[in-house]
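For reference, the structures are reproduced in the following blocks.
One chain, chain A, links the two complexes that follow: it is found with chain B in the first and with chain C in the second.
On to the complex of A and B.
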């Protein structure tokens, strides 16, 4: 399988503070890869940079064979890269339905195809169908997360970046959302998952990177990392 | 009692004409605030330029032998609207855009600076005195239940309503409108959806400037004159109207504008009577600001606003 994403020596800074000090990673098409690490390790910064919300100070990103830097940030979704941001970022004063439509804003394949995809999302998350014409801001955190993921999928991405989908949600909802993520990925989407819940992330994904202090500290098969003593001590609380 | 009713109706009609103009200007303030959180204090000057350019173009056209009439007026308004839109776009691109991530106060002060600069520039171009708006269409009185409005005033109200309906359709139904609403709610995520937010913000300024130009012409036609300072008071009043309705809210700006027009007109008509002649109709201007103060004291989010106007 070819790499859909390649990152070489990526460095990102907020003013004088360097948050990402040079990371390398790659994701093959169809893979599920986790990026785990402590608070402030640089997980969200990495995802934001990949999604074009932050500009790197050094390093190269290649997405789907193209130089990432040459793609305008708002064109990334057209090229097939979608981010579900930390804190979900739904549009609170648009309805659920309109939020899904916004997800398809970049598409040019016509209303019918978009409508069919909205129905597909309603099939995956029936709760969204019940609340289709409700303002998104009035929904619970779990429902908003379902909406945020569905909205990202409406853009028909090749690579989906998920930032902390479990944040602030009840365990039973988290379980449902992760089951759905796995299902969706089997349908042909590549996934890069950022999670604080390292156990869940390692159980869900095939490979993982452990980021610490803006650098990749460890990488490998998720199942190996799950049994790695260092990982267990630092991130799994064993 | 019938005479009293006539006076009341007359004041209400005057108020609606005035209010239509306020509403169109207020929309420019509120749309820009809604999308980038900036109170564009230079908007009043855009309105003024709209009026002044229209007057200049009309006299130019008259010099070229164009007969006065609706078409000539429309042509002049189109030129003026284009000038205003170009100005607003320049402002956004070269002044406000570089400051988008700066502290809120910085672009606000810049807006005030642009406003002063434009006022003085207009004074250099058109002089200090007022310019008379040429009578391009014949003014005829229309009797409405004992009160009188002119055909021009009637047109102002009707055109305003049509424009506001059009704007509502644009924002509610079109692709641009959806992009505008999404950008207003969360710029970063709007970008993730594939929206070019710079273009959306630019479009918002353009629409606001177009509405402002038309409002400027309406105001000049209604009073028969315009001057380089007209944007200041009109802008502040329209801003008050936007705050009254709830800044950032389109319907708020429409309702706030109409309401403010009514308040002013009724106050002007009745203060003399109510204060036994102590205060006269020339105190009309204080009411807009009295309303602004009261709204800020008792309902800072305005009548329809959800967002706090606390970001200056």
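On to the complex of A and C.
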């Protein structure tokens, strides 16, 4: 399997403060990879950089064989890279249906294909179908997260960047959302998952990176990391 | 649907008939037809500002600057001023079909120029900077009579040609204006009704306004309109969807400015005279108030807001002039000096204005006639389901054509 994403010595700074001090990672096509770490470790910064919302100070990112830096941020989704932002970031004053349409904004394969995909999303998340013409902001947190994920999938991404899907949700809802994520990913999407809930992330994904202080502290198979003493102490609270 | 079309036609017919009725009522007469003409110009301005504020959510407080650009452009290209200032040979008399697109383009370019440096600003900060830009344009007009007299400074430009179509000459010798083939300045008759110049102007403005409404509506339900709304809601998410934030914002500024520029051309020809005084901050605020009062993002609301705020002050003026002598004669416990100050049309006008805006903000924050979307948003917790709420919660039809669902159907002006 070829690498869909390769990151080499990535450094990102907010002004004088360097948040990412040089990380290397790679994701193979069809893989589910988790990026876990404590607050302020640099998880979201990494993801934002990958989504083109921040520009790196140094390092190279290669996405799908192309130099990431050469792709304009608004073109990334067209190239197959979608982000589900932290805190969901849906459009609260557009309807659920319109949110999904926005997800397909950069697609050029016609209304019918988009319509078919919206129906597909409604199939995956029946709750969204019930609420299709309701303003997205009036839905519960869990429903909004479902919408955020479906909206990103509407862009038909090759690589999905998921930022803290469990944030602020009840455990039972989180469970459900993760089950769906796994299902969706099996349909041919590669996933990079950023999570605070390390146990859940490690149980879901195949491989994982542990980020600490802007550097990769550990990497390996998720099942190995789950039993790693260091990880258990620091992130799993055992 | 058919019923709705009929309603629109009836509404248009009513607006066409309005000036004739007003003209024939003795105590209203041509003065009031003229006021209606200005009301149409304000509707056009408000529709333009609605694109910037209502759709894209960019709080532009310098909007009147584009109006000024359009007005001055027409004033310079269709009046003897540049000839008198010794800058050109012959009196310029550019054809209308050149000036209107030119004004639209000039205003759009200025919109982009103003928009470009403020792209990163939002909300209050954007308002303050655009406010400054609006003032800069006015102050330019005020001072551009030196070293070369371009705008004639505070005196303004007069003798501006009325809207007309002639042989197509771009200029003529001083004092030898060619016979116009068609001029709004001459009376004509329609089915036996005498159409005076002021009514002609009104009707022409009405046509432009209808065109602007159709354009606004098309924009609102277009891909671009949706993108503007997404950008207004959440910039980060919108960018993650692959929206080009910069271009979309600049486009909003440019589109809004276009409406302002065209409106300015019409104003200039209607008035026959322009000076920087017509383009003060107060005017910008007035147009903003029309948009807010009517309902941001709602075309029907914005039209209503513009009509109310442009006609009401005049009603008020008449009312005060009528009441004033009566009160002056009968009230003795207050000094006449104070009475005269308080019972002044312009003082009272501002008082009522402020009061009206406060009441709207308190009781109808979504505006007088909001779009169904806004209403649903602000009255979410209402026990009684509003008609809008039912429209929004309709279940998905088996094959909903993209970009055309019940919420928008119900939303048509």
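Heads up, the rule we're going with is that the second predicted complex is superposed on the first by the 238 of 238 C-alpha atoms of A that agree within 3 Å, B and C clash if a C-alpha of one lies under 4 Å from a C-alpha of the other, contacts with A are read in each partner's own complex, and residues count from 1 in each chain.
Just so we're on the same page, contacts are C-beta pairs under 8 Å (C-beta built on N, C-alpha and C of every residue); 3 or more make two chains touch, one makes a residue touch a chain.
Keep in mind that this is a model prediction, so the values were computed, not measured.
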Touching partner for A:101 - first (chain B), second (chain C), both, neither: both
Contacts of A:91 with chain B and chain C, given as first, second, both or neither: both
Touching partner for A:134 - first (chain B), second (chain C), both, neither: second
Partner chain(s) touched by A:82 [first = chain B, second = chain C, both, neither]: both
If touched residues of chain A are counted for chain B and for chain C, the larger one: C
Which superposed partner A:14 touches (first chain B, second chain C, both, neither): neither
Contact residues of chain A, present in both the chain B and the chain C interface: 51-53, 72-75, 77-78, 82-83, 85, 89-94, 98, 101-103, 105-106, 151, 155
Interfacial residue positions of chain A with respect to chain B in the complex: 51-53, 72-75, 77-78, 82-83, 85, 89-94, 98, 101-103, 105-106, 151, 155
List of chain A residues in touch with chain C within their complex: 51-53, 72-78, 82-83, 85, 89-95, 97-98, 101-103, 105-106, 111, 114-115, 118, 122, 129-130, 132-135, 137-138, 151-152, 155
Interfacial residue positions of chain C with respect to chain A in the complex: 223, 226-227, 229-230, 232-234, 236-245, 373, 376-377, 380, 391-396, 399-403, 405-407
Residue ranges of chain B touching chain A (in the complex, touch as defined): 175, 178-179, 181-182, 185-186, 188-197, 306
